[in-house]
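What follows is a set of structures for review.
Look at the two complexes coming up: subunit A is in both, with subunit B in one and subunit C in the other.
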Partner chain A sequence: MKSPALHMLLALTSLVIMAALSLMIGASDMNLGAVIRGEGDDTLILLASRIPRTLAIILTGVSMAISGLIFQMLTRNKFVEPATAGTAESAGLGLLIAIAFFPAAPLLAKMSIAALCAIAGTLLFLRILDRLPPHEPLLVPLVGLMLGGVIGAVATFFAYQADLLQYLGIWTTGEFSGVLRGRYELLWITGILALIGYLYADQFSIMGMGRDVSITLGLDHRTVMWIGLIIVSVTTAVVVVTVGAIPFLGLIVPNIVSRIMGDNLRAAVPWAASLGAGALLLCDIIGRVIRQPYEIPIGTIFGVVGAAVFLYLLLGRQSHAVR
Partner chain B sequence: MIEISNVSHNIDGAPILSDVSLTIPRGGITALIGPNGAGKSTLLSLIARLVRLQSGVITVDGADVTTTPTDTLARKLSILRQDNSVAARLTVADLVGFGRYPHHKGRPAPEDHALVDHALEMMGLTQLRDRFLDELSGGQRQRAYVAMVLAQDTDYVLLDEPLNNLDMKHAREMMERLKAAASQGKSFVIVVHDINFAAAYADLIVALKDGRVHSLGTPAEIVTRPKLGEVFDLDIVVETVGGHPLALHQIAPPPQTGT
Partner chain C sequence: MPSDSALPHTTVPKPRLSQQTKRLTLLALLAVFAVGLFLTLGVPSGAWEFALSFRAGKLAGLILVAFAIAASTQLFHAATRNQILTPAIMGFDALYMMIQTLLVFGLGSMAMLDIDPMTKFAAETFVMMAFSTGLFLWLFTAKSRDLHLLVLVGIIFGTLFRSLSNFIARMIDPNEFVVVQGAMFARFNSVNIDLLWVAIALTALTLPVLWHMRHQFDVLALGRETAIGLGLHYRRVMLSAFAIIGLLVSVSTALVGPVTFFGLLVVHLAYRLLPGARFAPTLLASSLVAIVTLVGGQAIYEHVLGLQGTLSVVIDALGGITFLYLLLKGVRR
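And now, the complex of A and B:
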């Protein structure tokens, strides 16, 4: 903790290295020298596949981590994230509705319907949250998972009826192998939302101290709640539409950052962003290398790595408390 | 001046406050006393707009608390509630720093940092400034919350049980510091359980009972055996020590003989 600036520099350097690795690795051989000389298909591979893929991973990692952080501040619960609040499932249901009823609509319109459904689902979750006893923090993600399960079941039934089941699978397991130029650009919206989230960092930190403190400090509690709600829901919807949900990214990364840095978002957001992007890049690289030329879905790798890290954190905290 | 006119409040049909009218003067320490459930905390929450007013009017220096923009009020008035469960993992300096938020709105100036340092020092927290709240003892945490409210640097400060969890040394130090700030023009409205702290430090004592103002006056007027007997339904012997009334509420009065 002696020099946060130095640590941030180290984190960013490793991020750049991983991004470079991510550009180099892939099913087809690509040679940087060839790109510079302008030979063969190498430039095309780089521009059409590798760069979009790497950017998509970074944008997803950054925005999902920040969304999780914001969501945890709004609900004052460390176990809440889009996958444990019904947000991701609602976005999936919305996209399904859009495809079934407006198959000809442009992707942006379909995404908007998904986003509206995500907002509605998250609102429902927050309403339920108000009725839960405040001293039972573990009840919150349990209820959220159940709500997600119910919404997911509705979506599955609906997809089964409309013969759209294969889509549902794509949205619920995040995957970057299909990312190509022209198919990821919507993700820039999440980048903008993440930036807005950073601008409101102080407000979200204050929300994390509870309603009474935020009113005392003159915060417009409702407005900030809505801003956070929209950032989280729209980010989730865009990620679901473009690459598919990455469960628990928004849970694990913010918890790691909170353990080390605390919950002052002004300081925590840059760390959550770099850790989110770094973790996804690493998992994606592992997934691509482990059984080349085939790929293991990033969600699988992330689940294994993330669960291990999270368990370590939980148990480490326990032994710390005992001492 | 805080003016409370005809305030009544019900929670689930149960009356908590009934037609309370009260003027709290500017400058000095006003102590609210009364038995559990008398409505002290509710009254503080209503003044601080944490709870929506059901009937009546409350103004702070003429500003109606229901219609004045909340961020304007945040520069006039601050409150520390009794049950502080800040779950967020913040350092002491972060927490106290947020007390300045109503003034700088996210861009702290050197003056804000100076006020935060001052508040930390006043509460004896300078050494602990980089510690996380969940690593502190109950008393240290309580001092951090009070420091946050002081850093907000408002004319009116409402404190619900500020002496919670504090040992004797820190409790007295806190009251001495509030007294010093009050003498420079700040107004404190505090709910205290220990009647003797109210007797020793308050300029005005307001006794609440069953949601009504039972009586108000200087410590010498309120901290008397008959008054306390009525307010608390308890026979409390009051002695005078060093010019202060001292209520011996811990001890049952000796049985009266000869009657």
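And now, the complex of A and C:
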């Protein structure tokens, strides 16, 4: 790459354009002139709905992409991400438990319970991974998907019995249409966590070389692993609680970035962040435009796009290996 | 078993054969018991006539679904030479639902209302058979593919189909999406009775084919090279296997909706009960296990525990754990 700075500038410019589009598009017409003149409801729409929504999308995209990157370092596997390895399902189960047993608790408390469950689920997954042989890389995502499926089934059963089935949709399909001022601010936590992840990027890179190598290199492996685990789990829990799970985002973004940039995590983080935010913005704009005035939830659109890209990554890898 | 006695050079020793017969008889008795439970449990006195005729239809549907899932899973295992992946885990029930929503989307819901439901079902099944056969052949006739890759690709295809049918359903009419979403859970307690006769007819079509080809499926399970070496018309047998799988998946999905892990569960129980048995006796065993689990489970669930509709969730959780166990066991071997 000749001039990374120029490329980054291009990426950020397109991000700004998409964010501006995201501010302008929506079910109710909004006139920029009217906002400037301070007329009617237009300012309210902009401040209460459009800006929170766009911020929520960017925060989610950035933090999911970075936590996917960290998760892949934690597991030392390119084909996993928190949303398909039991973390998101555990967070959803935690949310259901919180709603069922502490219905009056504030959202922050419910989110904390979800985060604790997400940490427990991720730990369980890492525990299982320790038992898997290192030469079977594709077994890792498989086990993750199945673990997620089992935890999801437990959550479904629980939801059915506790008559909370309608809450199940909250975390199974990510959607930004419910984002309003006052209902997304928790997502700023993920922004802070993403920043911490960036500061620890070099440590995570070393951790990705394995326990023995990283300890030899003088890394406090245990502490770094816990930092990564908490960043990933809490980010996932916050996203699940506020907008719902968006599968594949944390998986395909780091893969695309590492195909272009290699495995230098510190250099990859800004790219993953902007690509994550851009992909999410684009899909959300498509979801808003394609079937106006209705909206198609971003989780559905990303399920289609993400699954197709993941299939391409998997099968493309195969044909590389054969040749 | 007649299938084994029909083989002159069978290598199965005599004592095992009798053990096989014993276990199959036991399973058959259990299945009869489950059917009896389902028909008679908790019927209020004086309502016998109504209850029996009402439950008989549901029973026929459940037995049909049990057979369709067991047979399609086992056939899939033979054709793809793996015992982990199943058509349901690959999301072929989701593919069927996607075809359903696509047809509504393409023809318009008004046009769909005019078509007789049986014709519609037959048409969907036909499209499903063609589509799934093409996809299976593309994925599974490639020469050497890593099993874990195939399983992973299969599961991701499942996600893709599910998201796509969600997507198309939303494109039709977001207000009616709730109705579609309701159909995305399996519902053993409300079998779709309207389609029962055409479903029975379609499934009955597969029986003579399955019986006629049972030995060929045994050879198919030996793998591509061996099967061709033994003189099997490999491509044709694969094609028929995948066409039958497509049909059976359509039948079970149309009747009760998607059930992810049920097939894996019952077929592996059958493998355990009749170790090393051939295709036909194993199919009988897995169908009987499926009937016992589904009919018996539904009877107990509905009339003893008084729970509605969550049997599929319990089965899915158990099946998911079985799947994890098989994966991890396969590694250690």
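Methods note: the second predicted complex is superposed on the first by the 306 of 323 C-alpha atoms of A that agree within 3 Å, B and C clash if a C-alpha of one lies under 4 Å from a C-alpha of the other, contacts with A are read in each partner's own complex, and residues count from 1 in each chain.
In this text, a residue touches a chain if its C-beta (ideal position, glycine included) is under 8 Å from a C-beta of that chain, and two chains touch if they have at least 3 such contacts.
Owing to the predicted nature of the structure, the values given are computational and were not obtained by experimental measurement.
Of the two partner chains, neither subunit B nor subunit C is touched by A:Leu10. Contacts of A:Leu180 after superposition on the shared chain: neither subunit B nor subunit C is touched.
Of the two partner chains, neither subunit B nor subunit C is touched by A:Leu47. In the superposition on chain A, contact of A:Ala20 is made with neither subunit B nor subunit C. Of the two partner chains placed by superposition, only subunit C is touched by A:Tyr294; subunit B is not. By the touch criterion defined above, A:Val150 lies against subunit C but remains apart from subunit B after alignment on the C-alpha atoms of chain A. In the superposed model, A:Asn264 lies in contact with subunit B only, and not with subunit C.
More subunit A residues lie in contact with C than with the other chain of the pair subunit B and subunit C.
Of the two partner chains placed by superposition, only subunit C is touched by A:Phe310; subunit B is not. Touching subunit B in their complex are the following residues of subunit A: 73, 76-77, 137, 202-203, 205-206, 208-213, 215-220, 258-259, 262-264.
Note for the complex: subunit A touches subunit C at residues 79, 128, 131-133, 136, 138-139, 141-143, 145-147, 149-150, 153-154, 156-157, 160-161, 169, 173, 247, 290-291, 294-297, 300-301, 303-304, 307-308, 310-311, 314-315, 318.
Note for the complex: subunit C touches subunit A at residues 145-146, 148-149, 151-153, 155-157, 159-160, 162-164, 166-167, 170-171, 174, 181, 260, 307, 309-310, 313-314, 316-317, 320-321, 323-324, 327-328, 331. In the complex of the two chains, the subunit B residues touching subunit A come out as 48-50, 70-75, 78-79, 81, 85-91, 94-95, 98-99, 101-102, 105-106, 132, 149, 152.
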